[in-house]
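Shared between the two complexes below is chain A, which pairs with chain B and chain C, respectively.
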Partner chain A sequence: MTKVVAVTGNEAVANAFRQIEPDVCAAYPITPQTELMQRFASFVSNGQVKTELILVESEHSALSACVGAAAAGGRVATATSSQGLALMWEILFIAAGFRLPIVMPVVNRALSAPINIHCDHSDAMGARDSGWIQLWSENAQEAYDNTIQAFRIAEDMDIRLPVMVCYDGFIISHSIERIEYLDDETVKSFVGDYKPLFPLLDVDNPKSFGPLILTDLYHEVRKAHSETYKKVPQVVLRVAEEFEKISGRKYGFFEAYRLEDAEIGIVILNSAAGTTKDVIDEYRQRGVKVGLLKPRLFRPFPYEEIGNALKHLKALCVLDRADAFGGSYGPLYLDIAASLCNYSQKPLLINRIYGLGGRDYMPEQAAKVIEELMEIAKTGKVGSLKEYIGVRE
Partner chain B sequence: MATPLNLKELSKQEIRFTAGHRLCAGCAAPTVVKMILLAACDYPVVAASSTGCLEVSSCISTYTAWKIPWIHNAFENAAATLSGVETMYRALKKQGKIDRDIKFIAICGDGGTYDIGFQSLSGAMERGHDMLYVCYDNGAYMNTGIQRSGATPTFADTTTCPAGAVIPGKPQQRKDLTRIMAAHGIPYVAQASPSHWPDLMKKVRKAIETPGAKFINIFTPCNRGWRSRTDDAILLSRLAVETCFWPLYEVENGVTRVTVKPKEKKPIVEFLKAQGRFKHIFEPGREQMIEAIQQAIDKNWERLLKEEEISASGEKAE
Partner chain C sequence: MIGWKDIPPGMVILEAGSAMKIKTGSWRAAYRPKWIEENCIHCLLCWLYCPDNSVKVKDGKRGEFDYDYCKGCGICAVECPGKKGNKAIVMEEEVK
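So, the complex of A and B:
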């Protein structure tokens, strides 16, 4: 039985944690994630969950403790944002390299300098090649649903990999929305019992974690690791199918919105997709064939499926809420371009950087992009490939 | 009943750190590890190590020298990592999924403890995890090739503060980590040396039998870094104790006790002259450097004795 509530994104995810009851959670405050673990801490204090909390002295230690706890042999979660994720960077690779199924909501926030507490995606984008699976979420409902599915994906015996659930700081984490909670028992039975694999606490069968592997085998170990990610998409779809049965909500690699018959399109992640869809509806009413693709599974990136969904377009704008400094393009743009590169017929591409450090993404910005795409589709000419939009003059 | 810490009984126990590891000939670290695990022989142990000599030499590719569960995560986070393992143990024990009594021991070098791992250690101790953190202190980053650390003694020659014409080795004093750990107010802190193995093993035994966070700093000679004879590890450990360079003491629930008092305090020269890393301070005209080292040791030793006295009288007053 579902329950309709009005809650913030952080509260929704804290409630998912309450329903899942990880054995161990590490917590360290950072805006805008703080409220999530704070709410969860009150569930622990009130005895509503069996979870043991580790209130660490840094995010580096948060993830380090999660690595220890997961290797010990139980269900583990933590959460972070921005600088916290940057501080974890070293250990992200170790958690993935150890194949530990840790779940970590990342409440997206800009990186310093200058220091800024508001939303953009530069934090999670900086971690995109660390070996963590990344699920991105448009709203509180998706953040809640993705968190529940993340445990099943991470703990799948075919992959055993850590998962980040990304949702926008403040815009989603602190805004109250209508969402549907599944009931506790449904979530518990969906997630199921944790199955340990080579747990450190099995003292009768001692295992060593973290060997030194040099030129003899490192290359092979990394190849084997890379191969593991090929199995992820099927696991994500399988879990999504089962989730649809308990929730009625459908998830896949991405959401395609009015894309099938579209001539021009926009690719955008997370909360800004909602605004964009509204503007698309307006243009559709005026007869403009425009659609949207919103990636959900960003790592591993479903190149083939996304390329197939976009190749028929004439013009496409990838909107990035993170820049790649040093003269490169936005991280999402690079992946979209790669997904299309081998098709002979493909759209002309532009990359627009929007919304850094919490700059509002307004309907007029989406409209301007659509107008530009209409022009490109008509003339076949791309002016400037990469530009910032929404800049104060 | 606990296994008595005597040679006869200990010789019957399994050595849980095997031969075939790749630590250097004459390294004191494996000796220290074996002593720790023997002292803990009545329990299953889960161990953690930071990146460093012990780690890179004990678990390579498909081989491991550890007969117990062991985890290496990174350089600066052994304490945080083990605190995670220990927390999962408590979580699963609470749920009735584990009924064994398991002990948790981190064994890490001074670089991973005094310097880069200090925050992680301090945090884990402050949180009071039921674990023992052991630092095997060889006084420099030996694994990367003898760079100075916060544990390097004054005037020692290292590759990052080499004894030169202007700078005569490490200019600063070493960090007194054992006192810093005692200042955390944890139930048990001690300093030990493999030359005094019954003292070392008693301390480890006491630590693992004490609930909460514990710290032991163990003197661990490194002939490669110290430019000493390969077979001098135990001799140098003994000289460190007898010169009061490395006093053997414990701080148990805030009460300081010197566990081994040298019958005759030897001059520090005896400890220094056996090591090539101090060779330069024996050059003519540098006598005041040896004098400065001696004075610092005397001052620390007197302070320690005074602390012991104050602790003892405080105990009586209670």
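So, the complex of A and C:
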């Protein structure tokens, strides 16, 4: 039984939290995440969930409390955005290193300076190598679905890793969309009872978290940690398959849109993929063979599968909603380039930076990119590899 | 030494009391604590505050220091209330 509702992205994710009812939630408010935690706090104060909600004085404390609660043996969640995620930085690596299955929606927002509350992806991109699994979501439905799946992925006994669920600040978090809610019982039985691994509160079996490990073992510990991520893709697919059975909605590593027979393509994350698909439809009607790839599992990055899905193209643009300062390329671009680097036949690549700090991504921008790709495919010449688009001169 | 395949998830140490295997007494440099039994009121604050396993307790009574684990940090000497203003722990120069 599903229920069709009109809600904001934050409301949808708060509802997923209500349905899952984590044991502990420690959070600090930050725009645009605030509405999510505020709604969840109402569920707590109304007695709709028994979650222990810890209101802390900073995001550093929020994630630290989550680490403690998860090590104690509870199902734990939090949420943040932008500067909040930046302040969690130190603890992100500890949560992953301890293999604690914490779930954290990241409502994507630009980083300071200058201060800005609107969407771009620089927050989550800055945390991409912290060891958290990252699932990215185009719309409120995907944010809701990914949140539910995130608990199953994080808690899988083969991996036990924290998961971020990324969705666009304001564009998705605060816009009302039609979405389908699964009923409470379905979600509860899908997620299942929490099974702790090495809980500290099991005092009959004493154990220690957080040892000092120096030159004699640190290198081995990191190798073991790195190997764990090889098991993540299979878990993500297994959970997606089961989720399809209860929802009818299909998830994988990425969405490929009109890509199979395409000659040119665009890679783009999150909400801007929707706009891009519309423009692709217009160009398809004119006979232009253009397609799109929208990553969902961004960490660990499915290099092989994505490389395979893109290698047949003649020209490809990676659209990044985050820049990498210091003269580098957009973070998504670098991974796409790496996924293609060993194929002898591969597309010519360009990187375009769009939509920083909530700047609207308009259909004309997608059209301009497609026109440029058509030219590159025809001439075999790349003018400029990395450029900002939609920027005033 | 163990290889990477034998490391438990999250590096969690499942063996209780395994810190006893690491003799941190080798960290001690300039000073070591000395117990003065006649000033001791057996409050066990030194046992509570000691960050390692160097204060021994038997039948609820304060026993000798185990210098195999004593880092010489001096916390016990600071915390010790002693008897009538006379400390039951003092820090002495390490004998080489």
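Just so it is clear, the second predicted complex is superposed on the first by the 392 of 393 C-alpha atoms of A that agree within 3 Å, B and C clash if a C-alpha of one lies under 4 Å from a C-alpha of the other, contacts with A are read in each partner's own complex, and residues count from 1 in each chain.
Definition applied: contacts are C-beta pairs under 8 Å (C-beta built on N, C-alpha and C of every residue); 3 or more make two chains touch, one makes a residue touch a chain.
Worth saying up front: this structure is predicted, and the values here are computed from it rather than measured.
Once the complexes are laid over each other on chain A, chain B and chain C cannot both fit and instead clash.
Touch criterion met: A:51 reaches chain B, while chain C stays clear of it. Of the two partner chains placed by superposition, only chain C is touched by A:197; chain B is not. Once the two complexes are overlaid on the shared chain, A:94 sits against chain B while remaining clear of chain C. In the superposed three-chain model, the partner touching more residues of chain A is B, compared with the other of chain B and chain C. Judged by the touch definition given at the top, the superposed model places A:227 against chain C, while chain B stays out of reach. Residue contacts after overlaying the shared chain place A:209 against chain B and chain C alike.
Within the three-chain superposition, the chain B stretch that clashes with chain C turns out to be 223-231, the only such case among 43-51, 115-123, 133-141 or 223-231. Contacts of chain A with chain B, set against its contacts with chain C after fitting on chain A, overlap at residues 206-211, 213, 216-217.
Only residues 44-46, 48, 55-56, 59-62, 64, 66-74, 76-77, 80-92, 94-95, 98, 100, 102, 119-120, 122-124, 126-127 of chain B touch chain A when the two sit together in their complex. Of all the residues in chain C, the ones that touch chain A in their complex are 1-5, 7-14, 16-18.
Only residues 23-24, 26, 50-52, 54-58, 60-61, 64-74, 76, 90-91, 94, 200-204, 206-214, 216-217 of chain A touch chain B when the two sit together in their complex. Put simply, chain A touches chain C in their complex at residues 97-100, 160, 197-198, 205-211, 213, 216-217, 220-221, 223-224, 227-228.
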